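Structures for review follow.
Below, subunit A partners subunit B and then partners subunit C, in two separate complexes.
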Partner chain A sequence: MGSSASTIRPTQLPDLELFWPTHIDELIEHIKGGAKLLAGGTDLLLQARNQGQPQKLAWIGNIESMHNFAEQDEQWQVGAGISLGKLISNAAFRRAAPAIVDAAQLVGSVQIRNQATLLGNICSASPAGDTLPALLVHEAEVETAKSHSLLLDDFLIAPGQTALAPGDILLSVSLRGLRANEISCYYRHTERKALDLAVASVAIRLSFEDDGCTIAAARIALGAVGPTAMLAKQAAESLVGQPLTKKSIANCATIAAEICNPISDFRASADYRRLLIRVLVGDVINQIEKRVQLLP
Partner chain B sequence: MTLNTADFRQRALTNARYTADLIPQNAIVAGVARSPHPHARIKNINTAGALAIPGVLAVLTAEDFEGIRLGHNDSDEPVLTTVARYVGDEIAAVAARDQQSLLRGIEALQIEYEILPHAITIDDALDLPTSIHDSCTDNITDRFQAARGDWYEIESQVDIWVDNTFETAAVPHAYLEPRAAVVHVKDDCLELVCGSHAPSMMADHYRPIVASWGSQLEIHTPAMGGSFGAKWQHSTHLICLLFAHRLQQDVAIVLSRRDDMIAGRTRAAMRFKMRIGATATGKLLAKETMLWSDNGAYSLHGPAVMRAATFRADSLYRFAATRSEGQLIYTNNIPSECFRGLGITQSTFAQEQLIDELAKRLNIDPIKLRKMNTVCEGETTIHGWQVGSCGIVDCLDSISNRINQYRRNQTSATNNRYRIGYGVAAFIHCIGNRGYDQHFDRAYVKLTAMPDGRIRISSGEVELGCGTVEVLIKTVSHELAIDPQQLDVVLGDTAIGPHGMGSFASRTSFFVAFAAEDACRRFNQMAQHELLQNIEVTGIYQPDNVVVPDESGYGNISAAYTFGTHGCCVRVDSYTGKVSVEQYWAAHDAGKIVDINAAEGQVIGGVMQGLGYALTECTAVDDNGQLLNPGYLDNRVPTFADAVPVDVIFADTFENSGPAGAKTIAEQPIIPVAACVANAVHDAIGVRLNRLPINPERVWRTLNHDTNS
Partner chain C sequence: MNTRLILHINGNEHSLPDAWHGRRLLDYLRHELSLMSVKEGCGEGDCGACTVLVDGEPMCSCLLLGGVLANRSIVTVEGLSDDHRQRFAQLCEQHGGLQCGFCTSGFTMMSAWLAEGGSETGQNSSDKLLAGNICRCGVYQQLKKVIADLL
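Moving on to the complex of A and B:
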């Protein structure tokens, strides 16, 4: 029984040059030298295999500052090395950002979630990226090595395209955790229960007045219904200043379905995606109402 | 492949070795240049650029395989083609020292195409001004007709007709192991290692070709990572063989998942126009079927699948007259191939929905309507099938009881948004098919006493995951009263033999068990007067009650018949159209059950595969024939997370013509699934889903009376 030759199977990776920097400066040198930043690698290694590019990778696993995952004054910092699995298993984070955890739990499979990073999901800038609408409702800002921070909404430009300048890298994302009287939630529509892409998705964060029913503030973000995950500001505003009613929810859902901008492709038609947005907005708000009851 | 425990155990312990595990160090890698066009004549191929790349060793084109064909029946598929007939069709092959040189070599081939008009749908193919094959001007490559009974007399007795048109989708076989082949060069013999349903028959086909090059050929079949009807003669084999012969070095090819799906094989997409007539009291009288089957670009088992789909499902019921016509149509799609259930999986989707419709129209319980009309033990069906043991009534009753019990305990009631529905569907299926090969319908099992005292069991049949190895070990250890640990099984190795027809048509366990019994009888006889070390015997089984059917398909093609009924409870989200299967019941008459765990596993696997076919899988192709979902992300085969509870029930039957009273449980579990789900969806939302897959958008559109569903 012979052992197999190293490059014969199409599933095998081509030879890659791998660097293991321990400091950000060192990492940036490698990036300047043409290496790609390797975090979880769940997208990048497939690219390396299928397209033969990149051939040089610089892994961030040994850079301590990239593993920052902490909270201060309700602001959470998540470093580029933090996997979705780590987010999901952190109890404080689950309370602070339920929508992001809802989304992270739906990405790929257990193995992929333990490997893939939140910042990787951001950099891939897929219109259907699960964590992106959830991050938008948590007011995410990304921080790059060139040390300016950018609103996630401005960072996402088009499918697979971000505002990251050539040679620059993402260091972390900061997001606002829930305050008292706030709840967030993320739902998506897929045909399969795992290893699937959102056909449409909705994340919502609602802040309630002290009376526990009037909406003080709202953020709604939609996924897979435009070139990037998008905020639905008009839909969110329609909820503010009144309690949730069947009518106000339906009105909000209708606005969201109107302002989104889906395409038709083999996965679903634009019509159907709009319908899903309408249904999902209602479902997410219903779920938020259920979660509110569980608040202390 | 030498095995000495049940196949599933080898796999679970990761001891199984697949083709790609058997690639020698330093093997040459081969790959294929594929057409980007659905229909185009190749005007010129310039290979100079590819051959100039360091690491590229050789290039093959159609000229190198002049006159050689791959297909089983019509022999219309060349190894490498001068006319591309689907996107992915194979134009040239490259051999290289490594994968990177190979990919660069394929890219460097300059192929000039003359684009021809193409057809992606059956209707386009029938209207196409050009023919896809010169030999077939109207693109209808095969026709089949069968008529039984006095149609006009019976038609006049019909009180009620139900009719509809049904369309099924092409789906890939979705096996885990993509196509792979390895050729070892051993002196003047080329040894081909690859997965195959029928290595002996494949060797019969390839040997004269390899002999014309001055070489001999042997085929070894290692463990197969699934096939479900896909893995037969294939261009990759002859490409590797010719490269190995020319370069006198070992050659391997392993398709990427993407290539395997683009240029793999699919279950034929079919359109049925079907009607069933009955009396006002629910006695089935007449059935009429018109079938158009999308053959894709080449005829592999397309004709056999089309014929089976045209009429075989009729045999479940006591129709007094049937009229069936089938047409097999060339299109510029991926070639279709047999796939678990042959065409019966498709035709059952149509037939069992019409039976359900009839039950609703007559206000008769659908189980009761079936019980009134199914064939029984000792009867000969309208197509000449002689039914031995028959547990269909048991199966129908079990499903009825399970559903009633579940309904009583059901907590989630139908509401405005979520609608609950129940469905059932039944089937009949054969064990082998005497009509497949007029000259040959046997199985052989050879027992060889080895020098070390062990006994080798060998057969030309292969293990598809249905328990063939286990059946052989159990039978031989019982008949020879020998410790199973002393037995080795070698399957699908032409150097060891014996010749075998192959594993398909749910025939293998049934056939090899008898052949093994016969071999043991001969072995025991010889052991009375011969030294153990000198014993080598071959047992034979050929069922004595089967006949080659006539041209219209009439005749007893199988030694026994299997039956079953499935039931399910679905929850339909009427807002989004999403169908969730809440509970599934599968009752099978597989004869006496020999290994309950293996049999249940076979049923659950088949049901899950069927649910993918029913709900989520399809090959999405654009107007230009490009496959849009060449991977499992967008071709949604169910995952473990999608698994539903399946309650498996076996009817208590004993088949007198079967080994130890057993029949078989192989293809059967997939057959009624799509119909069962469609019937449950109809029960839930009152509209009939007559197209596959029953995906959320289609359900939503159907609910909203959108004609584009």
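Moving on to the complex of A and C:
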């Protein structure tokens, strides 16, 4: 060991104790012992640096089952070890969950996306977390080690707070891929083009009847306009049973803007966020219409 | 508990000392291996000055612990081919693609990744892919020309 290892302390990152469990049971023992689960680490290491906690980390890279990333009957399973970069670079996943890929591509930078995981984004439970509205429209369910599966909508409780019990861990998320005549899209407003957090965001999934224009089903989720990403059920229902028209889109956008619950902060005022939701709903639907034309 | 951790850095095998398992790759590269091309800018994954290639993909070495990199291949500017470094340097000179030089290592690594066909979806624009590299002097327009000429 080089002597410099103990003397050079260029940052406040404390010396971290690292464990390499190879099984879930072993991981849970470490969690009980006070370790935090380390996946991508892009948030966790900053916490360690800025708050001095956690000091013990259990890395999941050696646990094979955490790297599950597969599809069965249009249902995709994404393990805790899967980075956003892996999602984006998978062509089949891009077709199955365009809204989630739209969102994943807006997180951080290439470098961050290669490290950060989808499940990390879920666990952070930021109201502005990009992937969360997109996951909601893809009917995401999370699976924890205590073996119950939970709707993402129920898992997200408040800013930074989830339904994960102390000592429990998130193993994977499953989500519904698109079926025939379906398309999804996510878009957000930011002050900067990259490396920024959403001021407001919208994810929408539309299912069309065989005629290709009447809406058979819709799901709409909003981000950064409430304590958690939220489904806008009434707004979605307003679209069903009719073709998209300027009027129906405007009506849907108005409902979404009414039912969201934004706060005012240094990014934007609550009123401005409501206006943004109204605009973004229209933008996302327009984008979906463009994507529909590209469908085979 | 983990006995020997081997990292492949610029083509050489390094056995990572225990003391570095829970420390940043960035510090190991700079302070143990004297690979001074790897810069610490923000230390938070925003600026990209510490970018290295891990198994061919760009990552921020300030957000990686040494202990999670067993058997991975890590490349810094020192490990790039002379040919690529010289071309990048010549193009920077030609277009004025650097001023203080602090971000240059990060951009060099990204240019090497892009030159190898790096992309996320097979069709992203290099503008978007360079969003994680910040230049405080603001030579972005010149660097865009450098990257465009390089590819």
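One rule holds for everything that comes next: the second predicted complex is superposed on the first by the 284 of 296 C-alpha atoms of A that agree within 3 Å, B and C clash if a C-alpha of one lies under 4 Å from a C-alpha of the other, contacts with A are read in each partner's own complex, and residues count from 1 in each chain.
Please note the rule applied: contacts are C-beta pairs under 8 Å (C-beta built on N, C-alpha and C of every residue); 3 or more make two chains touch, one makes a residue touch a chain.
Nothing here was measured: the structure is a model prediction, and the numbers come from that model.
By the touch criterion defined above, A:H67 lies against neither subunit B nor subunit C after alignment on the C-alpha atoms of chain A. In the superposed model, C is the one of subunit B and subunit C that contacts more residues of subunit A. By the touch criterion defined above, A:K233 reaches neither subunit B nor subunit C.
Of the two partner chains placed around the shared chain by superposition, subunit B is the only one that A:F266 touches, whereas subunit C remains out of contact. Judged by the touch definition given at the top, the superposed model places A:K193 against both subunit B and subunit C. With both structures placed on the common chain, the touch criterion links A:L275 to subunit B but leaves subunit C unconnected. When the two complexes are laid over each other on chain A, subunit A has residues 1-2, 4-5, 8, 10-11, 109, 193-195 in contact with both subunit B and subunit C. Those residues of subunit A that touch subunit C in the shared complex are 1-2, 4-6, 8, 10-11, 13, 15-20, 38, 41-42, 45-46, 49, 57, 59, 61, 85, 88-89, 94, 105, 108-115, 193-195. Within the complex formed with subunit A, the residues of subunit C that make contact are 1-2, 17-24, 27, 30-32, 40, 43-46, 48, 51, 54, 57-60, 63-65, 67-68, 110, 120-121, 128-129, 131-133.
Interface of subunit B with subunit A (complex): residues 17, 20-27, 29, 98-100, 103, 252, 254-257, 259, 575-576, 578, 615-616, 620, 622, 628-629, 632-634, 636, 638-642, 695-697, 700-701. The touching residues of subunit A, counted against subunit B in their complex, run 1-5, 7-12, 14, 52, 109, 189, 191-197, 265-269, 272, 275-276, 279.
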